[in-house]
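Note that chain A is present in both complexes that follow, paired respectively with chain B and with chain C.
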Partner chain A sequence: MQKTLYLFASGRLRRKDNTICVESEEGTKYFPVTSLRDIVVFGEVDLNKKLLEFMQENEVVLHFFGHYGNYVGSFYPREHYNSGYVILRQAEHYLDPGRRLNLARKFVEGALANILQVLRYYQNRGKDLAPYIEPIACLAGDRLSLCGNIEELMAIEGNARAYYYDSFNIILEGAPFVIKGRSKRPPADPLNALISFGNSLIYTKVLTEIYKTHLDPRIGYLHATNFRRFTLNLDVAEIFKPIFADRVLFTLVGKKMIGSGDFKRHGAAVLLKESGRRLYVKELEDKLQTTFYHRRLKRNVSYQTLIRLELYKLEKHLIGEETYEPFVSRW
Partner chain B sequence: MATDIRVIGSFVQAMMICPRQVWLMSRQICPDEDNVFLELGRLIGSHAYGRERKEVHLGHLCLDLVRRGGREFVVGEVKKSSRAREAARMQLAFYLYELREMGIEAEGELLFPEERRRERVVLDAGLIQQVEELKRRIIAVIYRDKPPPPQKIPFCSKCAYAELCWA
Partner chain C sequence: MYVILVYDVNVARVGKVLKIARKYLNWVQNSVLEGELTEATFRALKADMERIIDPEEDSLLFYVLGNQKYAKRELMGIKKGGEEWIF
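Right, the complex of A and B next:
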């Protein structure tokens, strides 16, 4: 199983024979290149073209985060699974307004279904979440199916998310943090900082998996394509954010594993400190490595693999084989 | 689809196992290379028969191994095990058939390095008929605008397309 390497400390990243060598104040470490699927860089890291060529040859994706934990960009090596056919079908589904809307709706549908799943889970544990579940379920039903364009879809998703983020205060009752609505640039409180950080990580996770398929990450459906940025990963991440990122947040905050000491204030922004980022990443990786029995594949798969399977479902939709239905968590 | 459809050896091999693979390959939807069985096949392919091994590209054919035999050329095909033996045999028969179309007479040898075994393949009338029939079926599959639906067969469990098929 290939792993994600997270680099927190500053230092140097270079090729040493067939390994990736990380030099930092914490010492020098070597990682066999074949054991890595991607690298997430948080620290100030020096690297050179030789390293990038090595990454390209070995098909390792690099994701860079800025000093404030904000996503900066990715080194996405030249595609190795090229299928002109799949890319044409992907573009065709983007250009046809009906097909595009249909796919965009599926991503919102999946996102809301998984949000409801998370809320029901906490409702079953005694939290009074009915005032949030009802309006979101209503938006996820008729309102969503009647949508005539992408803007309306986005608006519905925005409304649903407003209810959802308010519900965090009920789910996390007794925790030292409160959320007063979603604030992204900059995150105004610790919960917003956690949400932003988690979402960015899920975007990179999905992007790495896209690299393993024939899909072009620049053609998204819900998130408008402009061919300069990756957007398909944003679409697919909608489905996984509630069940991966938000559940990690609830665990860390709910079980008081993370506290005020793991955040720092920077002007109007509240940011995760390195200690907080480490905690988050550890919890997220544990979650993604969890396996479950996949009935159609007839074997255990990890949640990490589940992301790739979701992309394959999308590929099958694009080649006209099977209508895409988003993954909805049952736990 | 492309106007010029050309049957290649890997399509023949795939057709014998699962027609769906042929359709996917024809669209360059290649399997996930992380798959351990593919790795294994490649490793064996690259280490076995080091001395006489030579991959030869001849037109649209990619022959695993060519050497001079007593009578004519011998075209070899290296496979991981005899389990996909019938598929390998037909792929080889296809090569012999295509070579004959180019005016080259050859005989074939199937190689099973792990079992230290070789097997002769001679293109006779019966085999010619099978190859022609197979080529027709392959072209028919490629012309479909959707892939043949996946069907659970024993081979699925070690097929590199499994994640795509059963996602």
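Right, the complex of A and C next:
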């Protein structure tokens, strides 16, 4: 199983002896390229083109995060799986309003179904979540199937998420943090900081997996394709955010692994400190490497692989082999 | 599969062996590396090694474990290297 390297150290990231080497104050460390999938850089590293060339050869994606934990961008190496056919099918599905809406709806459907699954889990553990589950289930049902355009879809998703984020206070009863609605740019409280950080990691995770398929990350369906950035990963990430990012958040906060000492205030923003980010990343990686029995494939797969499988399903849908149905967690 | 590599080679080639090994495995301590490999990368590692070692003088040992779960590692003294993906 290929690994993700999370780089918090500052120093020099370089190609040395045909592998990856980090030279920092804490010493020099080598990382085997053959078992590397991507690198997520948080530290202030220096790197050169030689490294980028090497990354391209080895098909390793680099993701950069800024000083405040904001997503800066990715080094998306030259595509190695080229398929004009798939790109055309992707564009075709984008341009046809009916087909685009259909796909966008599937993403929202998947996202809401997984949100409900997470809420039901906590309901079974004695939390009073019925006042949240009902409206979300209502939105996920008729409202979703009736809506006729992308804007309506986005609105439904937004409403559902508003209920969902409110429910965090019930799920995390007794935790030192409370959430007063979702706030981004900047996140106003620790829980919002965790949500934002988690979501941006999931986006990069999905992007890395897209790199390993024929899909073009620039053509998204729910999130409008525009001139500047990747959007397909945002679409697919919608499905996985509740089951990966939010569950990691509940573990960290619920088990009191993360405390107010792991956050810092910066003006109106609440940001994760390095210690907090390390905790999060560790927990997320553990989650992604957990395997479970996949009913259809009849074998164990990890959550990381699950992301790729989702993309394959999407590819199949685009080339007209099989209708896409989003992954819905059963547990 | 989980592979532990232990090597004892002529000084003329220790550097070369180490450099190749680091492409595939994590350095643990002098002459010992370990890591998770696939069948294919393991074969690539062996092919790379075959090209540089002298079969008359050098010795490489690969301990191949199907799964790391069945192995237990105990450490005494200082930790020199190891598998870390958060750095």
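As a working rule, the second predicted complex is superposed on the first by the 330 of 331 C-alpha atoms of A that agree within 3 Å, B and C clash if a C-alpha of one lies under 4 Å from a C-alpha of the other, contacts with A are read in each partner's own complex, and residues count from 1 in each chain.
As a convention for this text, contacts are C-beta pairs under 8 Å (C-beta built on N, C-alpha and C of every residue); 3 or more make two chains touch, one makes a residue touch a chain.
Just so it is clear, the model here is predicted, and its values are computed rather than measured.
By the touch criterion defined above, A:Lys313 reaches chain B but does not reach chain C.
Of the two partner chains placed by the overlay, only chain C lies in contact with A:Arg278; chain B stays clear of it.
When the two structures are aligned on the shared chain, A:Glu321 is found in touch with chain B, with no touch to chain C.
Of the two partner chains placed by the overlay, only chain C lies in contact with A:Val22; chain B stays clear of it.
Of the two partner chains placed by superposition, A:Phe292 touches none, neither chain B nor chain C.
In the superposition on chain A, A:Thr34 makes contact with chain C only, while chain B stays out of contact range. When the shared chain is aligned, chain C comes close enough to touch A:Lys3, but chain B does not.
For chain A in complex with chain C, the touching residues are 1, 3-9, 17-19, 22, 29-35, 278, 281-282, 285. Contact residues on chain B toward chain A in their complex (touch as defined above): 27-30, 32-34, 145-147, 149, 157, 162-164, 166-167. The touching residues of chain C, when paired with chain A in their complex, are 19, 22-27, 35-37, 41, 44-45, 81, 84-87. Residues of chain A touching chain B in their complex: 2, 80-86, 212, 214, 294, 296-298, 305, 308-310, 312-313, 315-316, 319-321.
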